[in-house]
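One chain, chain A, links the two complexes that follow: it is found with chain B in the first and with chain C in the second.
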Partner chain A sequence: MEEKKKRPSVRKPISRRFVQVYAAVLYNAHIRGFAEGTIYRGPLKTVCVPGLNCYSCPAAVGACPLGALQNAVGASASRPAFYVIGTLLLFGLLLGRLICGWACPVGLIQELLYKIPGKKLKKNRATRRLSYLKYGILAVFVLIIPGIYALRRVPLPAFCKYICPAGTLEGALGLMLHPKNGDLRALAGGLFFWKLGLMVLIFAACVFVFRAFCRFLCPLGALYGLMTKLALAGVRVDRDRCVDCGACLRICPVDIRSVGDRECVRCGKCAEICPCGAITVRAGKLVLAGPDLSPGAEGGRRT
Partner chain B sequence: MNKRILVRCAALVLLAVTAAAVNLPGNPLYGGSRKTAATGSSVGEILPDFSVSCLDGSIFTLSEQRGETVVVNLWATWCAPCVKELPHFDRLLREHGDDTAVLAVHCDPVTEDVEAWLAGYDYGFPVALAGGRALADLLGGGDVLPRTVVISPDGTVLYNAAGSVDYETLLRLTGHGE
Partner chain C sequence: MSGRGAAVLRICLLALSGVLLILGVLNGGARDVFAKAAAVCSECIGLG
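Let's look at the complex of A and B:
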């Protein structure tokens, strides 16, 4: 009888969840901000963190790259946004959407929400079509609207102002709930309640739809996704080992057309399921998830 | 195995150092603590005197404005509601400058050349840079912008609140409207 072929064990040198939590804590290390009801204003605030994390969160130590981009576009009439564009290019070309899957606090929140028991909506043709919406949001709310208002010399970070749930949760609620910020609470009006409602809707959707905000609305993911082909970090498929079984496409929770494309958030589920050990998630030479090819490693799962 | 432990230790040290630096005073990365608004900035109180150098080279001293209603606006170039309401203060000064003084204070962070930014406009009021928290805290805090402070001719604070104001509200607060 032919010996049953064993799936190669998967090597994961570090837990993705651990890195997500670590990144979220590192980005938000200014814990005294919650005690004082104010934001960090030190020199680190000029540095963008790679993931989506609101500048106005009381605990945030760095700037949000998306907020920085919108403000830079808003000021582009008077000076070019070299610093912000350079920073985003650096993040995108080095890590790309690895940031989404490993170093974005909003991604972490969405994944934790998805763990809440309930019916789950599997990806389908409609979700694939909806995934194009984030590119439209990137174009309109991050670039065009701030750009138009830049000509009028009025700063308008339109995504931050009208859509971003991270801003509502971390910034608005994070500051408004502090007892000393009565003047901020007094300013709550139609715009605040619009954003609050939208945030609730988005996070509610995340219970039923894996990473709903990431897949359909996040312009930062859209931006990093555009640099996927050039990014050093990503998902690699060993074509010599691949047998085109399609298991990777079926297990993937987001709307990819091919493994590692611009929709992929590098979660590593494909690497875990691949029966041939053909898939590797790597950041440069560092393997984050992939087949364990060391001697004696075949057949058992190794953490 | 040793490499893994080394990386984890390095990550832990980075986190600990960052947290210590941003939360504990006395180091260059500290962000400054929130101060309670200085006594005298609330409505009904006498605002303490202050002097500030303006971008046009003049010095604005509150006590030298006695006899006039003084309107101080805390703003920033990156704050859209602030930028939108600046014309109201300019109009107030142009129409009622005989008995009203206006001062605009740009709060931290300063993200661009404010003087160059203002060159694109023809505002008549003096503009000062807050240059730290002291002046903003004295006026009630620069954490929430815009903030408008109206001081009566005898130095009493008549109005001090965050949020945009329209021209009619400014007229009313300065005694020029119904």
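Let's look at the complex of A and C:
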């Protein structure tokens, strides 16, 4: 049997944390909105950002793709949702779940919360089962409920209304904590406190479970995950170098079955740990994490 | 799916996404996104 190639030199990876922070700041560049207690109303709001970011955040400069999708489904009886579907298809095909790992502000918040010291729950059979929940939430809260209400010509973005912690954190708290928005605070009722409690619960879980919201609840991640096989950006495994040691599966903090599958958020931990340098996270030709591929390794398979 | 098949499908879907975006701008879908995003979303902030 031909001997496996030695581990190639690892190029210094692009800092994922830097890209995450940069994306979060870019999505929320209207900082003065926090000082004014109002939201940005300029033309950029026509464009959806790729990651989950509430458009009612005072600093948000773009539209939330998930909120836009629910509202487009809600209006689909009168107008087909071409624009939002086209946008999500484009994001999914170009970047896929790379968005979750590199360009989602809610993902960044969850990872920072996970840095709080304490006992951590590692992935197991239960978390793997729970990871299917987000597909149910995508179907029920993003498509079915808004779709049923669309027939009655009543818009109901059910995920935004009942679940989304980004809306509560960025939108609700961002607006309501401003002194001039006393009228909004006065309107806060049972629904607000339900969402507030749920947000606290979700973010508390993120202290103990890596990206709990992302893995179990986020319908946007579920949607991008469904396109993962076709996404231009992804994880490539060089089968010539791989020795099937399983280090990648053990180090992975999410519920993957194989490297680069639909649960993978392209964090690149597997590429860092791989003893053979067989794994790269790539966006087209750009290597984001892992070794610089030699010409002989170009035959690597993208999963 | 073979690598070539996936590449062809990806290109077709990318073209489709472009067509959908253009249709969406023409049918007013982009305007709807703006209208929703440029106003405070009461559902998002838990007010109803």
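Keep in mind that, in the parts below, the second predicted complex is superposed on the first by the 280 of 303 C-alpha atoms of A that agree within 3 Å, B and C clash if a C-alpha of one lies under 4 Å from a C-alpha of the other, contacts with A are read in each partner's own complex, and residues count from 1 in each chain.
As a working rule, a residue touches a chain if its C-beta (ideal position, glycine included) is under 8 Å from a C-beta of that chain, and two chains touch if they have at least 3 such contacts.
None of these values were measured; they are calculated from a predicted model.
> If you stack the two complexes on chain A, which partner ends up touching A:71: first (chain B), second (chain C), both, or neither?
both
> Of the partners chain B and chain C, which touch A:184 in the superposed model: first, second, both, neither?
Once the two structures are laid over each other on A, A:184 reaches both partners.
> Answer with first, second, both or neither: which of chain B and chain C does A:264 touch in the superposed model?
neither
> Give one of first, second, both or neither to describe whether A:142 is in contact with chain B, with chain C, with both, or with none.
neither
> Thinking of the overlay built on chain A, is A:45 touched by chain B (first), by chain C (second), by both, or by neither?
Both partners.
> Please work out whether A:37 is in contact with chain B alone, chain C alone, both, or neither, and reply first, second, both or neither.
first
> By the touch definition at the top of the document, which applies to A:93: first (chain B), second (chain C), both, or neither?
second
> On the A-aligned overlay, A:79 touches which partner chain: chain B = first, chain C = second, or both, or neither?
both
> More residues of chain A are touched by which chain, chain B or chain C?
Answer, by number of touched residues of chain A: C.
> Which partner does A:237 reach: the first (chain B), the second (chain C), both, or neither?
After superposition on chain A, A:237 lies in contact with neither partner.
> If you lay the two complexes on top of each other, which residues of chain A touch chain B in one and chain C in the other?
Chain A residues touching both partners: 39-43, 45, 71, 75, 79, 156, 184, 187.
> Touching chain C in the complex: which residues of chain A?
39-43, 45-46, 48, 54-56, 60, 62-64, 67-68, 71-72, 75, 79-87, 89-90, 93-94, 156-157, 160-161, 164, 167-168, 171-172, 175-176, 184, 187-189, 191-196, 229-230, 232, 302
> Would you tell me which residues of chain C are touching chain A in their complex?
1, 3, 6, 9-10, 13-14, 16-25, 27-34, 36-41, 43-48
> Residues of chain B touching chain A in their complex?
Within the complex, chain B touches chain A at residues 4, 11, 14-15, 18-19, 21-23, 28-34, 77-80, 83-84, 108-109, 111-112, 116-117, 120, 141, 143-144, 161-163.
> Once bound in the complex, which stretches of chain A touch chain B?
13, 22, 25-26, 29-32, 36-45, 61, 71, 74-75, 78-79, 149, 153-156, 180-181, 183-184, 186-187
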